[in-house]
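One structure, pasted below without further comment.
Just so it is clear, A, B, C and D label the chains in written order, and each chain counts residues from 1 on its own.
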Amino acid sequence: MKHIKLRVCLSLFVFMFLLFSGGHAFAEKPIIIGAPLSIAYLYGWDAERGIKLAVDEINAAGGVNVNGKKRPFKVEVIDTRDLEPGVPVSEALMAVERLILSKKADFIVGGPNRSEAALAALSLLSKHKKISIVTSGVLTPAYHKTIAKEYDKFKYAFRIHGEAVTLIGEMIENFVDLKEKYGLTKVFIMAQDVSHARGAAKVMAKVAGSKGFEVTGSEIFPTGTSDFSMALLKVKSTGSQIINIWMDMPESAILLKQWYDLKIPALPFGSTLAAAEQPGFWKATDGKGEYTLCNVVNAGNAPSDATPWTMKFYNAYAKKWGVEPEGLGSSSSYMAVYVLKDAIEKAGTLDSDKVITALEQTDVMGVYGRLRFDPKSHQVIAAKDPKDGAVGSILQWQDGKRIVVYPKSIAKGSILLPPWMVKN
Amino acid sequence: MSTQESRKERIDRGIKVRSDGLYALMSWRELCYLTLPRFILITGMLSLPFLVPDMYWQRVISIVCIYAILALSFDFMAHYVGLVSLGGAFFIGTGGYIAGILNTYFSIPPFLTVPLAAIIGGGFCTLLLLPCLPLKGVYFAIVTLMYPLFMARIIEAFDIFGGTDGIIGIDSFSSSFAEQYFVICILLIFLFGLRRFVTTDRGLIFTAIMDNDQAVKASGINITKYKALAVYIASSMGCLAGACLTHIYMWSGISQFALDFSILPIAATVIGGSGTLVGPILGCLILVPASELLRDFGTLRIAFYASILVGFILFKSGGIMEFGQRKYEQFERWTKI
Amino acid sequence: MEILVYGTINSVSLALMGLGFAMVYGISRVPNFAHGALYVICGFVTWTLFHKIGLPYVIAIILSLGVNGALGMLMYRFVLIRVRGMNISEIIASYAIGLAILEGLRFGGFRGMTYTLPVFMEGSIMIGPVPVDFHRLIMMVIGILLVAVLWVFTHHTRIGLALQGMAQDERAALMLGIDSDLMAMLAMGFGAVLAGVAATLILPLGNIVVESGYHVLIMSIAVCIVGGLGSWMGAFFAAFIIGYAQILTVVFIGSHFQMVVAILAIILTLILKPSGLFGQQKELEERV
Amino acid sequence: MTDPILKIDQLSKRFGGVKALENVSFDVFPGDVLGIIGPNGSGKTTIVNSITGFIKPNSGNIYFKNKNITGKPPHKIADMGVTRTFQVMRPYYSLPAYKNLVIPLFSPRAKRTGGWRGGGTLGNRQTIAIDILEDIGFERDSYIPFKKTSTLPTGYLKRLELARCLALKPEIIICDEVFSGLSMSEIASMVPLIERLQDEGITIVMIEHRLRELFQVANRVMVLNFGEKLIEGSPTEVMADKKVKEAYFGSEEVEEVMTYA
């Protein structure tokens, strides 16, 4: 017992000391950006690529000048695994803490991807007084409402991409012009049993009802459901014309494939549909994903000319990573780094409180429109026109390519209906 | 080595034979022989927060202690009561939720919610597990595996306690030292408490139930009552660990019912040596920091950690403690045949 | 009417998932917690053979079933054979292997949603008022055919009887000269092939994702427990009970209770009648 | 005759198709030693299991001091004083011999009655355990009570079974083949022990195959065959009966085995 315990403890401590002594001394001390992302998932690796692209561009252009001194950015990515079912959120929180405490991150960008983890991380960030900009996957309106409610406790958190409530606004607009164009009035809502999707589905039902749409049904599916046949039959029997989908689980591909095989006369309109955002979606459903619409929350993720910067980002991303920008996290993460750089340069220091005030006055014309933060809730201000706010975008899969159909100002095409719907 | 045949011989140390029986200890040397391992364990654990360099690893220590408490309760149940429960996550989740609710809705300070959560949680879990007590072996294991999943789905479907978002804004322990020492002391108390309890006469009944439950029934003892007592002890320990976890992370949600909380304590027990009560703690001391160190390798971490587990099960199923104990209490020498 | 059609389809898919697990436990009393991993790895092997190496679809499937079977046997030969009989170590060992395979796949780049298998037949036909796509029909037919073949195999062929003999009483079978380890290895390989068959039938409906491994494991445990551990016929009928229960909850109560039903079935069955519908556990053994 | 301490009427039990017991009824009077004999598989152990609650009979009921105890859980029946030994011995192999007796001393009945020699209040369990062991033949000062049960010879294990019943200060002990597996000398030392228990006022029901020793002790005998009761009476009547010989030996001629002291 005596020898065993000693040997085990000793080797453990030595191993730990070794790990941390490796210093990194070169020119100016770098500003460390911590990125706790679920890199095994779309919302994780696309955010990682967005951040790294922005950091490389900034460092190439000479880095961030903090009152005179030019300091480069350094990215530390840690896998939080929080989008995996069966993994406790404490894993993600431990990853965030590891970034703050042992990797000495000055700022957190990308944030944990799951809404629950992001909400849980709020109290952690306020305890360590670290600024965090959430860029991918956290759609729950509860996030910016909590910040607004307890401002001085949670003022360190920002969110640079749209959330469920703005999505609904955009959705309703599309439904209205679909109603004029094709006379579609019956909406059937399918949401994943996750709090933001479930909340959004309720709000959507209420708003659609008030706008003269008939909500023919609303189904909530627990994460991991693999059979949607009954719901699809209900859609067919109630004669619904639009299926509003709020799902970011991979099983949504089963739904779309079955929708195509059964030729259900209703247009799948995804508010959040992770499967459909990827360029690989076409191959994933062997072409059956035709006509699916999905909202990519901010414009940069699909080819459009919202601002001069959009296509510049789009091509730089494709050149560096060999694939078009994928999920909803790529352009927002890219912009988050630039917004951070701009705020640090304005504040002239890395001190959290000063950078927060600088961030609150941000007014940068970015990849997906003019980025300004609401001073109270630190939520990016959304708008329909790139000139006065962050613009969301909705795209439709038309014969193998992602065509932006909304908002009108940057649309490249208009919404088409599947052939078996047009004739009636 | 000479050409003659010779083989290794293992002989008990003189001290072990004398001190193991009921005879009094004659010399200081024997006294320190017995207390040295325990002494090293206690001082080692208590000095850990000072030795470790930075804040992050101190947080890892409290996580190690939480897993260790859970592994201890699994080992007590599996080895001393014969109930193999794969549902560690059920205890963690219940304890976490109760602590979260007590803290947010009734605003009770952390040092009070943790014991309360342990007591209430223990009762709640025992009540739910009562119908499964008569089951044996694989059946009990699979039922307990299902309970945490069931609780998570119930909370998700009925959207209670904040639904899938969970409860946020739970206040944490006053300082990180308080948090660590609170958890370490509880772990040590549980460890030595259980060791004492198991050797008392009342503790013997559990071993008897495991050994031969028909005989215990024939001697007029209601074994379901004692099994329920054992489940209550184990589940209140688990709920306490869950409550501490909630206060450390200031958050409790359905992912506290995740599978990781069921599997890691069992792995630690297998590696540390099941049945020795100290083994699982040693196992946690090795597994949790190792999985933290490997965090940089991303998803390979789990694959690597699973293969360590398989390796230990196959080649050293007794675990480190058994090997350590044998080395400490015996010595080997070559003898000529 | 659609409840009947889709209820059967859902039940057959559950039965396919659970059959492998029930077969392995029935014969060698080893709870194979790596069943989900075998299901997923067969999907990915078929995908690589079909897309990366470009073999025709049918050959890709047959080859991958072979690989799966070999993997099952190897797993038994090198790992499970040493822990057989020790209850808890079996569960941990097989679960650890499953975990290693699943996370190894995830590390090997099999991530995201772009991995799919083509459907056997495109389009759908109408059965009465209910539209059903061809692939689901083929799955149902093959599922029922498979059970019939299994029934004939275990009741009328030599190996089948040997396997059944071992299932009843291992020691007696040993005495009669049946090499129980070889039989257990065969059973594990066979269970893996069944998992592969389930994968090739169910995966084309959606895409191949590592998470479905955990989902399949839970579902197959549910089916085998309700059906009675050890009797794969019981598992088949239990699959119908759970399948229809799920469909009915979706239609009448609400779709978000769907998962709760399966898990509730397990817990209730274990408490009320641990040996399940057709289980042959001796009365005293499983209830004290 | 005072009313019976134990009354069984119309007890029957079927395991699937097999008829283990077919409406068996008999009475046991206080202070009696009732011997139950019969070929293997005649339902002897099933009777014991039904009386002590390990198995629930299909029909019929069991009265102990005119209280119906059919279907009660085993620990409640043991708590009333109806104890049993097991045909296949069930000591706690992992514990030393005297600790085997500490366990029953934890039962509610032991607390009330203070154990075998206790006078209503329970002293230190260890000393009581060692007293009981000494009482049934374990030498006190020798190392035997502290040896691990797994190292004890069968004779001692059988006595340990009896000791477990004694720890509860029983009113009835049902001995399931106590003599089987013992050498002649061990049996010779067991018989006075059984007689001493009888003098202590404990009613004993003995299930046995070794008829010679049984008849030295038992004052009433009952014969079972294929779950049915053939005959009940004093040992001499039963032995003279034709049917019994048939059931046991398949024919009537074999005489010398039937001679008894």
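The criterion applied here is as follows: contacts are C-beta pairs under 8 Å (C-beta built on N, C-alpha and C of every residue); 3 or more make two chains touch, one makes a residue touch a chain.
All values reported here derive from a predicted model rather than from experimental measurement.
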Q) Where the contacts of chain A and chain B overlap, which chains show up? A) C
Q: Name the chain whose C-alpha centroid is farthest from the C-alpha centroid of chain B.
A: D
Q.
Per the definition of touch at the top, where is the C-beta contact count highest among chain pairs?
A. A-B
Q: Take the average of all CA coordinates in chain B, do the same for chain C, and state the distance between these two points in whole angstrom.
A: 33
Q: Give, as an integer number of Å, the spacing between the C-alpha centres of chain D and chain A.
A: 76
Q. Which integer distance in Å separates the CA centroid of chain B from that of chain D?
A. 43
Q: List the centre-to-centre spacing of chain A and chain C in whole Å, with centres computed as mean CA coordinates.
A: 36
Q) What residues in chain B touch two or more of the other chains? A) 153, 156-157, 223, 259, 298-299
Q.
Quick check on chain C: which residues sit in contact with 2+ other chains?
A. 106, 214, 256, 259-260
Q) If you look at chain A, which of its residues touch at least two other chains? A) 40, 86, 193, 222
Q: Determine which chains touch and list them pairwise.
A: A-B, A-C, B-C, B-D
Q: Sort out for me which residues of chain B touch chain D in the complex.
A: 201-202, 204-205, 207-208, 211-212, 214-223
Q | chain A contact footprint on chain C (complex, rising order) | A | 2-3, 6, 9-10, 13, 106, 111-116, 118-119, 122-124, 130-136, 202, 205-207, 209, 211-212, 214-215, 246-247, 250-251, 254-256, 258-260
(Q) Looking at the complex, which residues from chain B come into contact with chain C? (A) 78, 84, 86, 131-132, 134-139, 141-143, 145-147, 149-150, 153-154, 156-157, 213, 223, 259, 263, 266-267, 270, 298-303, 306-307, 309-310, 313-314, 317
Q: Write out the stretch or stretches of chain A touching chain C in their complex.
A: 40-42, 45, 84-86, 193, 219-222, 224-227, 229-231, 233, 236, 250-251, 253-254, 257-258, 261-263, 274-275, 278, 280-281, 283-286
Q) Quick one: in the complex, what on chain B touches chain A? A) 36-37, 40-41, 44, 51-57, 59-60, 63, 153, 156-157, 159, 162-166, 168-170, 172, 245, 248-251, 253, 255-256, 258-261, 282, 285-286, 289, 292-293, 295-296, 298-299, 320, 323-325, 327-328
